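What follows is a single structure, written as C-alpha cells, with notes after it.
By written order: A, B, C, D, E, F, G, H, I, J, K and L. Residues from 1 in each chain.
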Amino acid sequence: MKIIIINGPNLNLLGTRETSVYGDQNFESYFAKLKSLYPKTELEYYQSNIEGELINKLHETGFSYAGIVFNAGGYTHTSVALADAISAIKTPVVEVHISNIFSREEFRHHSLIASKCKGRISGFGLDSYRLALESLLH
Amino acid sequence: MKIIIINGPNLNLLGTRETSVYGDQNFESYFAKLKSLYPKTELEYYQSNIEGELINKLHETGFSYAGIVFNAGGYTHTSVALADAISAIKTPVVEVHISNIFSREEFRHHSLIASKCKGRISGFGLDSYRLALESLLH
Amino acid sequence: MKIIIINGPNLNLLGTRETSVYGDQNFESYFAKLKSLYPKTELEYYQSNIEGELINKLHETGFSYAGIVFNAGGYTHTSVALADAISAIKTPVVEVHISNIFSREEFRHHSLIASKCKGRISGFGLDSYRLALESLLH
Amino acid sequence: MKIIIINGPNLNLLGTRETSVYGDQNFESYFAKLKSLYPKTELEYYQSNIEGELINKLHETGFSYAGIVFNAGGYTHTSVALADAISAIKTPVVEVHISNIFSREEFRHHSLIASKCKGRISGFGLDSYRLALESLLH
Amino acid sequence: MKIIIINGPNLNLLGTRETSVYGDQNFESYFAKLKSLYPKTELEYYQSNIEGELINKLHETGFSYAGIVFNAGGYTHTSVALADAISAIKTPVVEVHISNIFSREEFRHHSLIASKCKGRISGFGLDSYRLALESLLH
Amino acid sequence: MKIIIINGPNLNLLGTRETSVYGDQNFESYFAKLKSLYPKTELEYYQSNIEGELINKLHETGFSYAGIVFNAGGYTHTSVALADAISAIKTPVVEVHISNIFSREEFRHHSLIASKCKGRISGFGLDSYRLALESLLH
Amino acid sequence: MKIIIINGPNLNLLGTRETSVYGDQNFESYFAKLKSLYPKTELEYYQSNIEGELINKLHETGFSYAGIVFNAGGYTHTSVALADAISAIKTPVVEVHISNIFSREEFRHHSLIASKCKGRISGFGLDSYRLALESLLH
Amino acid sequence: MKIIIINGPNLNLLGTRETSVYGDQNFESYFAKLKSLYPKTELEYYQSNIEGELINKLHETGFSYAGIVFNAGGYTHTSVALADAISAIKTPVVEVHISNIFSREEFRHHSLIASKCKGRISGFGLDSYRLALESLLH
Amino acid sequence: MKIIIINGPNLNLLGTRETSVYGDQNFESYFAKLKSLYPKTELEYYQSNIEGELINKLHETGFSYAGIVFNAGGYTHTSVALADAISAIKTPVVEVHISNIFSREEFRHHSLIASKCKGRISGFGLDSYRLALESLLH
Amino acid sequence: MKIIIINGPNLNLLGTRETSVYGDQNFESYFAKLKSLYPKTELEYYQSNIEGELINKLHETGFSYAGIVFNAGGYTHTSVALADAISAIKTPVVEVHISNIFSREEFRHHSLIASKCKGRISGFGLDSYRLALESLLH
Amino acid sequence: MKIIIINGPNLNLLGTRETSVYGDQNFESYFAKLKSLYPKTELEYYQSNIEGELINKLHETGFSYAGIVFNAGGYTHTSVALADAISAIKTPVVEVHISNIFSREEFRHHSLIASKCKGRISGFGLDSYRLALESLLH
Amino acid sequence: MKIIIINGPNLNLLGTRETSVYGDQNFESYFAKLKSLYPKTELEYYQSNIEGELINKLHETGFSYAGIVFNAGGYTHTSVALADAISAIKTPVVEVHISNIFSREEFRHHSLIASKCKGRISGFGLDSYRLALESLLH
C-alpha cells in the first residue's frame, strides 16, 4: 500500500519559518517518526515550490497510489490548475493544513481544492498529517 | 479522561436523513463501536436541535472535560452565539463534519465557529468523529 | 389525511402585533374557521418561538403526515438548520407568508428554506394558509 | 367578474419545453379544464413573448378587470418596465411560477415584479394558476 | 430643425399612473403646450412600450434629426440594447426623467444609457422635457 | 415602575468568560449593586441562551413593563426573529453591549435589532447597563 | 441541411455603426459571400431589434433546422427570456460576437445565454459567423 | 428674486483645469454673461474648496434665497455632511455638473446629494448652469 | 475636571433642521440646562462644519481634558482623518448620536470613528449627550 | 507559415481525465489528424503544467510565429502573468476551450487572458482547436 | 528648483501620535535635516488638517513648483476632491506614506489619489520623504 | 553588503514589451549602470518567469543577504505563495513597480505581497529600482 505526502510552497522551510504559527520541527524529522509509526505502509514524501511540479507529481502518483496527503500551502487559495489535477486523477486526496487557517487572514478561508478532495484536516500542527494518514488507512 | 461528542440539529436523524449524503448508519450504533475502540476514554454523547441547549452543554462540559468533539450541523454557518460559547470555555473543541461541506452549497463553505476551534475535520463520513478523537488523545 | 400547520416565531402574537402588516385576527380563531372549511382533513396546529422545537416538530410529523404548511417567520431568512430539517423529512412542506415579503426589508427577500419546500405562497394575508392547504389537498 | 391569465416568454412552448421542469401538459388544454372548474368566472388567456406587448395587455386590462394572474417567465428577473406597469394599473396582480424557482439558478431567486404584486405562488406546477385564481376569487 | 421626443414604457399612462410621483397631466396636452412655446422647431412625439420599437425609432431618426429627447422609462436601468442604439446613431440624445430617480428605489440610480447620451436632466416633472429642448436649441 | 434586564447567550459566564474583553465581575453581583442604586425602580433580571426563550420573555414583559434593557449577545448579529419580537411589543427596548463591538470582528458591526430599539449603548463595560437604565428613567 | 443566422439589436446598422469596433461592411453583402462559400447549405438570415421576435424566430426554427448561429447583441447580457428560449428548443445554437467582448465594458463580459449554447465564438470580426458555420457543419 | 450659484472644489480652476473635460472658459466670464441673460434675477456666485464653508454658505442662503444652483465637484460623491446640509435647509437646490459624469470613472456615478436635491442636470458644459437657472425660474 | 462637547456639521441648525428627526430644541438652550445639572464639571461646547477644524479642536483638547463627547454628524460615516485624530489623542472620546442611526439610511449604519472611541450612545434624542457625560463622570 | 498550439495544465491527461467533460481522445492522436488536414501549415505542439514555462514558450514563439492557439486550462482564470505575456508579444493568440466553460463552475466564467487575445472559441470539444486554426489561416 | 512637502491631517502630531506606528521624531526636526541634505533645492513645508486648504495649496504651488511631495494622511482614502486637484495642476506629485499602509486596516489599502500621482512611496518611515525627493531630483 | 534584485514574469522582455508602459531600455543595461552607481554594494540580479523559482530564490538569499529588491510582476496580484515566502525569510524585501499600477487595470491595485514587505515604491520607471536600493542602504 503506497501513500505519498505532497507538500507545496514554503513547507521546505518548516521549522525555520514563522515558528509561532508552524512550530519549530522540520518536516524531515517528523516524516521519519511518522514512517516508524506506520511500518506496513509504503510512505513517500515530495515537496516542491513550483505549482506545475506539484501537478506533475499528482499525475504521476494519482493512478497507482492508494492515497495522497496534500498540503498545497499558499496554492490552496489560488490554484484552479491544482484543483483540476485532483479531479483528473483516481487516487483519493486528503487536504491537510498545519495551522487553523480559519483564524488567520480572510483569504486563507477559501479553498479552491477542498471540494475536489476526499476530506480535509486542519489546525492540529504536524499531527494533521498523521490524522490524514489514519483516514486513508481506515 | 472525559471527552464528549456533541451533535447539533438534524443529526438525530442520521441513518434516515439524505442517506446519499450522510450514510445509512445511525449515530447510536456508531457511537457504541467508537466507545469499544477507546475503552480507556470516558466517552459521552449529547444531541440537541436547540441552539441554546448546545450552548448550555458547552458551558457545562467546557471547564472540566478534556475535549469536545462538536458537529454543529446547520448552526455551523449561522451561529455567532455558539462561536462565542466556544471562545468562552477552556476545553479544546474539535469541529467535525460528516460530508465534504466544500462540495455542497456555497453557504456551507463559511463557518462562524471554525476560527474558535482547535482544528477541523470534514468529509470522512462518520470516521470524522474517530479522527477528531484521535487528535484529542494525541 | 393528517396535515399540520406549523407557525414559527412571533406568530403567537398575530392579531396584536403590527396589525397594519399582519392584520388584526388572531390565528386561533382563523384556524377554527379553516377547520370547519375542511371537515374531512385532520388538521393540526403547532406554534413555537424556539427554532429547535420547530425542527423537533418537523421530525415528528415529517414521516407520517400527508402535508406540512409552514410559516417559519423570521427563521425563514436565517436558519440553515430548519432548511436541513425539511430536506431530512419525507412529507411535502409548503412555505407560507402572510405579508408580501418582497415589498418589505431587503433581508426578507432571501429564503434559506424555499428551495427545500414543495412550493411557496406569500402575500395573501391569512388566506395564504388556506391556499397552501388547497395545494396539498389537490 | 373578468379575470385574465397573462403568460410571458416561452410559456407558449409548455408541454414541449424542458418537460422535466415544466411538465408535459400544454397550457391550452390546462386552461380549458380550469375554465370548466370556474364556470361563473369570465376567464381569459393571453400569451406573448414580447415584453412591451405584455405591458400593453396589462394597461388594457388593468383598469377594468377584477384580477390578473401573471407568469412573467424570464422577464420576472429583468424587467423594471413590467414592474412599473403593474404599479401603474389598479387591478390586483398575482404572480405565479410553475416550478420552484428557488431550487433553480441563483438569478431566478430575484424578482423585480414581486414587490408590486398582491401575492406570489410558486412551485405547484400548473396548479399554481388555480391557486392564484382561488386567491382572487376569495 | 427637427427634434423628436421619444417616450418609453408606461409613459402613455402619464396623468393616470401613480400621480403622486408623475403628476396628473397627460403627455399629449403637455406636448401641445410645448409645441406652442417653440413654434420654430419641428417637434415630433413618439411613444412605445416595446424596447425594440424604441431602437427602431432611434435608428430611423438618429441620422437626420437635430436632436432626440429620450425618456427610456424602466428600460433606462436594464437595456444594453438601447445604449448600443444611442452609440450607433449620430444625433445627440438628451436623457430625461420626470421624477428625481435618486430619491426612489436603489435600482433606479443606475443607468445603462446615461454614458452614451449628451447629457441628462431629471427631477423637474414634465418641465424636464422643456429643459432638454432648451439644451438642444442652445 | 417595572424594568427588566434581559441578557442573551453566554452572558451567564460573565466574570469567567474572556475576562480581557468582558471584565471579571459576574452579572449577579453587578445586578445587586445596580438595584441598590435605583431603590425606587422594580428591577428584574432574566438570562437565557435559547433564542426562542428570549422571544418568549420579550412577549411576556413587552406589554406591561416600562422598559427593557436588552443585551442580545451573539444573537444581535443574526436574529431576525428577535428583531421581529421587538417590533411586535409596546415596551421600549434599549440595546446594550459591554464591549466596544466596533473594535471587534467585522460581523459584530452589523445589528439586526438596532433599528427596532429605542436607542443603543455600547462600550462602557457593565456601566452600559446603568446608562441604559438612566435613559429609560429619564 | 438548413441553418439560420439570427442577428439581434443594432446589427442592422452594421457597416454604419461604430465602424472602429464593428468594421465597415454591412451584413447583407457579407451574407451573400458566405452563401457562395457554402453552396450546399440552405442558409437563411433573420434580424430583429425586438427581443420577443427573436424568441419567436428561435421557437419557429428550433425544432426543424440543423443549426442556429446567434448574435444576440446587447440582449446577450440582459435576457433571461432568450436564454430560456435556447433551452426550450432542440436545434444546437452557436453564440457569436464580432468584437472581442472581453476587451470592452465590464457588463459585456457576462452572458446569460452562453451556458445554454453549444459553443461560443467571439472576436474575429465578421469571420466569427463563418467559424460558427464551420462548427455546425463539422 | 435671489438665486445663488455655489461651486465646490477645483471649480476655481475652470478654464485652466483639464480643458478637454471642462472646457477653456473660466467661470467668472461665464457668470457675467449669465447675469446679462437674466437681468431681473438677483444672481450671486460663491466658490470654496472647503467642504465646511460650502455647508456654511448653504445654511446662510438656504432659508431666504429662492433657489440654489450647486455644483459640489468632488464632494458630490463623498459628502454625507453636504447632503445633510441640503436636507436641513428650505430653499430648493438644483445639482449641476459640467461634464457627463456617467461616461467618467465609476466612482463619479454615485451621488450622495442627488436624492436631497430638487433635480439634477449634467453633461451640457457650462450651459448646465443656465438650464438649472431656467428650472428654478419656471 | 474639564469635559468638552464637540458637535460636527449641521448641528448648529438643531431646532430648525428636520425637526421630526432631531427635535425642535436648539443646542445652546440644551447645553445651558446640562451645565446646570453638572455644576462641578467644567463643561465646554464647540461646533464647526469644517472637518479639519474638528480635528484641530480634538488635538487642542485631547491631551489635557478629562473627556470628549463627540457628535461627528455626517463625518461619522466618511472621515478617516477624524478617526485618526481620535486615535492620536489621549483623552477618551464618547461618540453620540441624537437619532437612532440604525433606523435611517444604510450609509449611516457604518461608522469610521466608532472603533476608536471609548463607547457609543445613540437614539436618545438630546439626552444622548447627558448619558455620554454620565459615562465619563462614572 | 508557423503556428503553434500551446496547452496548459492537465491537458496532457486528455483522454483519461474526466472523459464526460473532455472526451476520450488523447491530444497527440487528435494533433496528428489536425496536421494531416492542414499540410501546408507548419504546425507545432507544446504542453506544460508549469505556468512560467508557458510564459517562456509564448516569449519564444511570440515574435516570429504567425499564430498561437492557446488553451491555458486552469490558468485562464487566475494568471495575470500569462495575460501580461500575451500583451508583451506580437503574434496573435487565439484562446480555446474544449468544454463550454459557461455551463460549469462560476469561477470558470471569468478569464484574465481573454481581453488580451485576438478572439476566443469555446465549447466545441477538440474541434475548438481546428476552428482556432481556421481563424488564423483566414 | 522649488519643491514643497505638503502634509495632511494629523501629521502635525508626528512624534506624539501612535509612536509605535509613526515613530517618535517630529516632522519639523526631520525637515531641518532633510533641508541640510539637499542644500541646492529650495525646499518648503506646509501642513493643514483642512482638506480644502490642502487643495488651495496644491493650486497655489501646482503651476510653478518643480515638484510636490504629498502625504494626504487619512484623506488619501476618501477625497475625490484632492484627486481632482492633483489632476488639475501641472507639477508632478509624489505620494508618500510613513507606515506600510498595506499591513494596516483594509480601508487604508485603497487610494483615491494614487492614480493621479507620478509615483508612490510607502513604508520607509520618515525616509519615505527623502526617497520622494530623490525621485523628483532625478 | 549583498543585495539582490529579483524580477518576476515578463520582465525579461523589458525594452521590447509594451514600451509605452514600461519604457524601451532593457534591464541588463540598466542594471550595469546601477552597479556603477553603487560600487561598494555587492549587487546581484535574478529573473524568472516561474513562480516557484522565485520562491526558491527568496529562500536561498533571504537568510544571508542584506536586502532584496523585488518586482513580482503579474504574480504581485495573485500569489499567496510568494507572500508566504516573504514572511518566511529574514531579509527585508522592498516591493517595486515600474509603472504606476494604480492608473492601470483594477486588478493591479491589489497586492498580496505588499503587507509582507518593508515598503513599496511604484511609478518611477526603472528609477524605482534605484530608490528601492537607496531605501535599503539608508
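Keep in mind that, in the parts below, a contact is a pair of C-beta atoms (placed from the backbone, for glycine too) under 8 Å apart; a residue touches a chain by one contact, two chains touch by 3 or more.
None of these values were measured; they are calculated from a predicted model.
The chains in contact with chain E as well as with chain G are D. Think of each touching pair as a link: the shortest run of links from chain C to chain K has 3 of them. Per-chain CA centroids place chain K at a distance of 24 Å from chain L. The centroid of the Cα atoms in chain B and the matching centroid in chain J are 46 Å apart. Contact of a single residue of chain J with at least two other chains is seen at positions 50-53, 78. Pairwise, the chains that touch each other are A-B, A-J, A-L, B-C, B-F, C-D, C-F, D-E, D-G, E-G, E-H, F-I, G-J, H-I, H-K, I-K, J-L, K-L. Here chain J touches chain L in the complex through residues 50-53, 55-56, 59, 63, 78-85, 87-88, 112, going by the rule given at the top. Within the complex formed with chain J, the chain G residues making contact are 100, 102-103, 109-111, 114-124, 127-128, 130-131, 134-135, 138.
Chain F makes touch with chain B in their complex at residues 8-10, 12-13, 16-18, 48-53, 73-78, 107-108.
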